[in-house]
């Protein structure tokens, strides 16, 4: 009997405690003029606090590679910037577990913290979709390096922008390359059953068939299986000239290693930006020869080399090893910082960032980063440069010759 | 009280129709007749309940659907040549072997404690990690020879390296199985049946996250010794085309069959096997017979850990890529296989594992459905089997309190 | 003497290994930061990026004390010196283990070995911090010394504590005193007389009304998820708690409810955009039908066979929703976006109104579950849970009642699914994994099988704690898993076990006024 | 006399073993008839066939003329057959009152929907059931213990609670499976008196399995003797005591001659 009473009192206590949790600081009336007439008010950051950038990413569970890699890259970007008049930036990466429900929970948390200025992400399309309406209400600008689901930008949201090029853009370019440049007429399309993978596969299938090509096999692999020989052999039976795979590097690598086992010798493996990266080449070794993939990796430049070195020094894995979105995440950090610094102003010891102005600043940002020019269009697609295609030639990713001409 | 009384028992069935006390006629004919009559009477008395009709209808519908799909794929489009069917068979057997090993782990634990060991998949994952570190260590030890200066120990003595990898992998899993039982399940020995299940779920979440925090989230690659490199194998000619029998696949399949036979002999012949069966049957009685129940249960967890560890290392060698989440999916699949074969029954688990492996690779092709739905087929077959044989394929009808 | 030595040795080894494990996953640094935050004296730790070493010493000290207590706790009446000896051995063994480990790691990392390829949380900065920014050998010795001293102190403390007379008595007396006060204020005693109950309910109602207004949107969201999981818990409680059928595929009904509501109200795939309350009703109906579809063929199964079949059914539903086969119906893995949100007199639902709606539905759910539990059907369910064959022999049509339990559970899940979809305005297949059914099962069992307050408490604990642990960042689920195991060992019957209702004897025997307690 | 239970040529086999072999049994209405026989004679199997736990392989069981051999146990219980068990199988977690209330389950018409809204019919029915349950508990002598969970009750009380639960569905036929097993003589006498009182006050037909000869001989109107699944004798207690085959079944082959010698001395050694 006694144990129960303690529990009841504890719950009531927790409820009361959460009730008097730090309420969002009432907007004191002596706010500077800019904040008062701004639609969403201002992010108020007292001295000594940091300008917080929020992020909802899968830090735990099966897809934790993406969450950890992207959060590390953005944190590095914030570190490289020397702050704004004494205020430094800080990244708060919260775990969404890769599920929309987690995305909405993180969004609600970010919205209540007045010192959060902008959101880098979210990472997965599902949790981005769930978080968008919440950020829309609060006026928190979003810049996602990796959410590629095309309908995200069709919902007319003012706050959402993304660096990653959409599945539509990449799929169309890939299909065109397959049909026209490489001249294939019979291809097979595979995907890993995820939002990203299946989205891409559907776009390529439709585009290829539209151009008159024939798609002989359309199969899915389930991540985490012992081997994919069965679906690969089923696809091999249709004797395709090439196999397009939408999905991440992990499944791509296993498929490449079982390529000959499934009787697909000599058939071209055409991956997507998820399969691109140094991990693919060194884990497939000889099997990976000739594979093609779209790339997020920027062309080599000394800033990229400097970034890779800094990344390897600070974190246990090399850039691009955990996921292919490392460099676009670094640029996301850069874009957000540029936008914040363009609108923020200091008044009597406190930093004010008018949220409405920040949303516009992010929407029409014009920033040259590692991955080239970043300029957002009206609906938030900010990746001007289209996908570049690379091919593995004796163990190295080399720009695909066919794409040039 | 009725001691010494001649037991007419054997005869009673024979005298079914002769009434009391008359002479015995030749047994052969009468016995069969009476059996048949008993069968007919039994059916007559069986009331046609709603459930029974439903099940018959469902069975009929499934048989018709299967027949139609098989007919269509076999004689209809015929998209898959014999070589593709052979590839399905090979991959089915290889995966089946691994599922069987893990399923035996589930069945052993269930047989003894009547508890679904949810953390078994994680024990397998830890075995995979242990094997990975051993292979990395061997690869780092240089063993240069005149012919090949940069030869490492792994390729110098591949056999010893492999044996040690399996020993360490299985040993580490066994240790983990033992610790799991000692910490998470022993205090709950007397608790009602659902409590250890939640403790197992907690342990599974803990081990998964511990592995991610310890070894990092990235997918690591198994360094197979050269002679066992993934993607290489013998070429056999089937229907005019070459089909590859990969070294890792054959190695895994053969090893899993050997392990299964070894376990079967151990359970049937050795003293420990006998005591395990005794404890499974009745813990109190076994204790009275002088069997140290706790040590037998710990040994059971060790054995199931060994098998899971071996399966983990095989998984690494065959698939190549793994991370802290590798144990989740095979855990569920192996549990399904164990139940399909009849939970608590070791040959059942072996058969269930093999069947599930084949079902997953051949099923979708046979029924002409795309491979994404192979799990749907696996679970549907499981549900159908359990509807018509509620105790699994080989499972005996567990008595009331055991279920 | 010998027992305390072996006990000390064993506890020393255990604590040593645990410390090394925590060090390898970087938990020691997090622990030290927490100590740092609490003491907050050394907040300004910017001296060349070197974290305050004091916090680390405090962590080791605490570790040592616990090691000493563990070495001492169970041995019976023993002189003080052998108790201290036991503590010392424990301290030394643990200290040795930790010292050697630190020395090894420190010296290896000094001559350039990079652990991070295999153990990522051992980055050079944290290694230096663990070796007190000094030589590994001296760090090893400090560990050894600290552990020895503090575990002896711990052993002494434990020995003192077990000192029978005045110390223990005063401790027990204040415990009982406190307990006594509780007894008088016993929660279930309140329910006895009518007026007090009404006052309590009114106060609770007002509190429940005003709480969401005070909560920020984050706590509203968390409490909303807790409310949805309470509804799920109530549903599963009818299936598992009352009628004893172990169902592991409960997410199937949750998913059907959510998807039916989403597809009926979202513009994208089909553009039906039906009236919301009708859509909620339809989604409850559809998930009940799925319950019937699942239930009819498999209800003669029992125990773990039923568990795996329902788990399979849950997986089938999840895979089908994601599959290409049904992409035209369920929009495939992309999920359904902009699901309709109910509006209150025109204006769309704010999170506060949603919270009120959820609280109202939870109360209704509790009311229905309470009535069902004490009804004729409730008793039949519990009889089925106790002993199915005898229940059937006493005249209960077990097949009908088990199906009824499954359908009611599915209805609850359908309602919860609809609310879940409309609250997030998005629903995707990743939300309906096996872990959801596992979580709801944990809620029912951790809370206490078949007890309604247990479900409420379980939902608070199972959904609240991971959010509270958000500060622990990556260690959130690790601690949650460990907590589950500990909770099942400490309190297997659940937080608030079900207690049978006592009956009034007013009419049969007027003169015997038993103390009547109606337990919620 | 109307036959409450009529079993004709009932046979039940388990694999090779025939537990019950073409047994005919007639239980007249309102009588106390008992089935006796050595261990393993098939008494409980026959009992289970009557109460529907087993479906007999062949032969027919009629209850007041209505065939019940293939029905499910809850349908048979609805026809008015209630039983107790050799090893007590109460609902342990439930209190005594609730066990009896569960007994009345199939008599109650209110559905779960009415239970939620506490419709007047539901409320009255619950109150009536509760009163009947309390009255039954008083009848079996458990008046003070109605709130204790079943596992806390003493052995004798659990036996009586099981009978109370069986009586709760006011059956026409009550099957008692060794009601006095494990009881001391004083409790056995109480139980015998109780059973007799039961038959007289509530005119329920009672079918009994019992090993204690004094109880059987004392209260049964008709005794059937089974041995190795076959019926070897049937009739009044007096006839059964002197029947050769019964003695042989119990005391072994030579015993019949021996007992004849003693019979002349009018001492009933065989049944001390």
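Note that the chains are named A, B, C and D in the order they appear, and that numbering of residues resets to 1 at the start of each chain.
One rule holds in what follows: a contact is a pair of C-beta atoms (placed from the backbone, for glycine too) under 8 Å apart; a residue touches a chain by one contact, two chains touch by 3 or more.
Because the structure is a prediction, the values reported are computed rather than measured.
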Of B-C and C-D, pair with higher C-beta contact tally: B-C
Maximum centroid distance from subunit D, chain identifier (CA atoms): A
Averaged-CA centre spacing for the pair subunit D and subunit B, given as whole angstrom: 46
Euclidean distance of C-alpha centroids - subunit C vs subunit D, Å: 48
For subunit A paired with subunit D, centre-to-centre distance based on mean C-alpha positions, whole Å: 74
Inter-centroid spacing, subunit C versus subunit B (mean Cα positions, whole Å): 31
Multi-chain contact residues (two or more partners), subunit D: 72
Subunit A residues counted as touching two or more neighbouring chains: 60, 193, 218, 220, 316-317
Where subunit B touches two or more other chains, by residue: 209, 212, 216, 370, 372, 375
Subunit B residues touching subunit A - in the complex, by the definition given at the top: 79-81, 83-84, 87-88, 90-92, 94-95, 98, 209, 212, 216-219, 221, 230-231, 233, 241-244, 246, 249, 315, 318-321, 323, 325-326, 328-330, 360-362, 364-365, 370-372, 374-375
Of all residues in subunit D, those that touch subunit C in their complex: 51-53, 72-74, 77-78, 82-83, 85, 89, 91-95, 97-98, 101-103, 105-108, 110-112, 115-118, 122, 125-127, 129-131, 134-135, 146-147, 149, 165-166, 169
Subunit A to subunit C touching residues, read off their complex: 1-8, 11, 14-15, 18-21, 23-24, 59-60, 94-95, 98-101, 104-105, 108-109, 111-112, 124-126, 129-130, 133-134, 149, 151, 155, 193-195, 198-199, 202, 218, 220, 316-317
Interface residues, subunit C side, partner subunit A - complex: 116-117, 120, 123, 179, 182-183, 185-188, 207, 211, 214-223, 225, 268, 322-324, 327, 332-335, 337-338, 351, 420, 423-428, 430-431, 433, 453, 457, 460, 464, 467, 470, 473-474, 476-477, 491, 495-496
Subunit C residues touching subunit D - in the complex, by the definition given at the top: 368, 371-372, 374-380, 382-383, 386-387, 389-398, 404, 408, 500, 502-503, 505, 507-509, 514
